[in-house]
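There's a structure below that I have some questions on.
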């Protein structure tokens, strides 16, 4: 573990990304303590005010302080991105690993299931789930868990197929090392790196998909200040009050870059020597 | 090899079968009734029941499924409740727009991503590499509906270079009209392509056969073009293949904003009005499309890289 | 790489090349951008706005709502007569032709009305089935009823009673509605589903010298802001429903005029009268006093609408002097205290997540109810499940609205206030036997002051009972380039285009 931390710290990108995420976390924690504005308090006397010393990011069409809302929204978006990437990634890596390593009917079965889910249009699945359970953050998780593991499974399986034909794996097999041991010791570290690269963009895409669902009224529900929703709800104000869309958009982009940098740091750290 | 391809094609059948069952069951548990939504405020419960019978919503589950399978096999995919037309006709009318937009945006994405991926790979780890990659992540992180309106306001309204939306007649007009929507979709696709292409380029540059090629006395440019770039592009295409349903899904929002009558908006409208035959038909159609693209990329991948065998 | 690029290019050439809708460009084209897509042109099998509005441009009805929306005016029927017992309706047809040049005959009328009232495919049967006999005689059509049913006459102005050419419909079947022929001011000349409908002037239209424009293009633009941008870029001459917050800005722009009309629509909060505390009329009235409707109209609708006295739109027989519940939080608290809820209560407010205006209204309502101690949790649900949920009674409060298809108040009062009826007072389960009696009587009374008095009384009872929180009547808004003259949205929410002119 010590070597992991010190190796990670050697990656400039990783450190920068971590720092950016810490900035976001600091804003999330400190804003409720320092800001006088309640992110949900309506004031019809102070609608669509431009950014000022009083309201750093201006106010929206209900006179709510946008800075407090963006800060409160960070919690939702970071949670969504992390949970919706981490859980399906773990599921997908496990499936890909098992399918690729054991091959045969195990592989066929797992990959056909993967194909079915993969072939299913995302929106139909999400809408059905959201329709049955009602649109909410929790139900979005279920939808993403059911869909997002597939990409990882396919990628990891492909990597495993390549790696397991390398001489040292064949050798380990000949030496009758157990399957789980070989997978954990030799294959997993090699196969996981492309999955992490994929996860970088997946985090960003997840938040994007949530925003797109908000566009059709099916994402996180108002008045929750989820960033995508903040932008969708202010599209009509884009020219009158550009700050209403600009700041949530910047927040989205900032954390997107942060995630990408952290992912890169992880990839550099986990990359096996000599590759 | 041939046997492998045949096997792979045969595998498509259970997948499609699985999709039909899954889509059917999902719609069964989906709340909301099309007849009530259309006539709820205007008709009595008994009259709504008559409409439900007309639309076949009252039949037992297995019977509805059998009819659905029959419609899929005859190629009509069912009849839309609201358009009163075969779903296949609706799909065929709109397919060119979605396909055109997807291909157009992929071309734009390749044009944008290719040079930057090469530059980033060649200067790997240096500041320029990091900068390029962060710019592309930024493009991915900007919500497409926001970007769409920014582009319309700036390029269409202020500069007058493009129309604000809609589709036109013929190829050249559509190339002009669909440029902005294709650009919006293309930017995020470009980010994905750049990422994966850079990665594979770096990997290929370190591979053994490249050393062999160099040893044979080929110049650096020759090696790069003939071996490195070629091999990397193949794996990049498989990345696009892996993301194909995402790429198609990515056009949904853009279709709505730019008023492009594509499959994505057909699907969303059908879902919102509970036009079950259209949802089912489109689901199976999308599934076929994704499976085909995956099949083709798998085969192409196997042909290009003998280390991967089709099973 | 270059080969791959070329392949991709070639593929997109083919894909885009196929997408060639038919169209021709004429001078004097009126381009209207709207958000509702027409789905089908079969009048008896449609219920969506896009289809209804387009059908009303292509087809005629015997009678139609006048522009003010308070009465009926001649359509294909030049005149009519209702027998004193209300059982016989006689229409005298005018000399009119379908767009293919053939004359509109009484047989066509009988065929079309039977189709709407008897055909099993008709979704609108209930509006016409009190008519039991159809007869043609010279240039007259005679309809008979077995029992008096006054709304039947008004319902003939409904789009579903559009007059179609019998010969073509029987010959072509469903295919007819792909290339419909009607006697209205325009005929269908092109249709790219999901994108646009092209209409051309009907050369045989019965109103001499109309329509003024040669062709009309109805462009489907789903996003409100995109419609505004289209107008500003000069790519649309008229747009419907610009975003409310942009209307003031639009009206100050050179070359653009905005307009608005209040259609037969009303927005309100349904209260589940079977669930306490909504079973108590004091609580229901308290909520009506607690909502600042003026603020709602000003803050959320940007003044594009008016405060509602009840859920009944201001239409025929309406009592325009009926006052809304005033905003009076003190009175609201008093009534709540009387009901034993001095400290307020907690409840849930159901909102259609796809309705942008309602999302905003919900946020404002939540704040207003909070002032009198009512803690309402906003619960968003997808629009498609709204009806099912309220019908099943699985709600406390639900933000909703109703529109009228006809100029006669019968359709709406039955739906909103009568229980048992179609929806049991729109799923509130509120019941008032006196109102139920009046409803039955009204339907058998011929049009006139006596029937009007019954409606006024019903609306008053409805207001007192407060089964809903009555909110507002939102306006339908439009904006057009100044060169377009004579465009307006009618109280029935549709628009006529035969009087619209474009000056160069």
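Residue numbering begins at 1 within each chain, and the chains themselves are lettered A, B and C in the order written.
Going forward, contacts are C-beta pairs under 8 Å (C-beta built on N, C-alpha and C of every residue); 3 or more make two chains touch, one makes a residue touch a chain.
Note that the coordinates shown come from a computational prediction; the quantities given were computed from them, not determined experimentally.
Chain B has its Cα centroid nearest to the centroid of all protein Cα atoms in the structure. Ranking every chain by how far its Cα centroid lies from the centroid of subunit C, the top place goes to A.
We define each chain's centre as the mean of its Cα atoms; on that basis subunit A and subunit C are separated by 43 Å.
Rounded to whole angstrom, the centroid-to-centroid distance between subunit A and subunit B, based on C-alpha atoms, equals 21 Å.
With centres set at the average Cα position, the gap from subunit B to subunit C is 37 Å.
Listed for subunit A are residues 127, 131, 216, 235, 238-239, each touching two or more other chains.
Shared interface positions of subunit B, defined as residues touching 2 or more other chains, are 31-32, 149, 153, 256, 271-272.
Residue positions 223, 225, 354, 382-385 of subunit C are each in touch with at least two other chains. Subunit B makes touch with subunit C in their complex at residues 31-33, 36-45, 47, 50-51, 54, 82-84, 90, 93-94, 96-97, 99-100, 103-104, 106-107, 110-111, 114, 149, 152-153, 156-157, 160, 163-167, 169-171, 174-175, 178, 229-230, 233, 237, 256-262, 265-266, 269, 271-274. Those residues of subunit B lying in contact with subunit A across their complex are 11, 14-16, 18-19, 22-23, 26-27, 29-32, 130, 133-134, 137-138, 140-146, 149-150, 153, 188, 191-192, 195-196, 199, 206, 242-243, 245-246, 248-249, 252-253, 256, 267-268, 271-272, 279, 282-283, 286-288, 290-291, 294, 307-308, 311. Contact residues of subunit A toward subunit C in the complex are 42, 44, 47, 61-62, 127, 130-131, 134-135, 216-218, 221-223, 233, 235-240.
The touching residues of subunit A, when paired with subunit B in their complex, are 12-13, 103, 107-108, 112-113, 115-116, 118-125, 127-128, 131-132, 151, 154-155, 158, 161-162, 165, 194, 197, 200-201, 204-205, 207-208, 211-212, 215-216, 228, 231-232, 235, 238-239, 245, 249, 252-253, 255-257, 260-261, 264, 275. Touching subunit B in their complex are the following residues of subunit C: 1, 4-5, 8-9, 11-13, 15-21, 23, 37, 39-40, 42, 45-48, 120-121, 123-126, 174, 177, 192-196, 219-223, 225-226, 229-230, 232-233, 235, 354, 382-385, 387-389, 391, 402-403, 405, 411, 415, 421-423.
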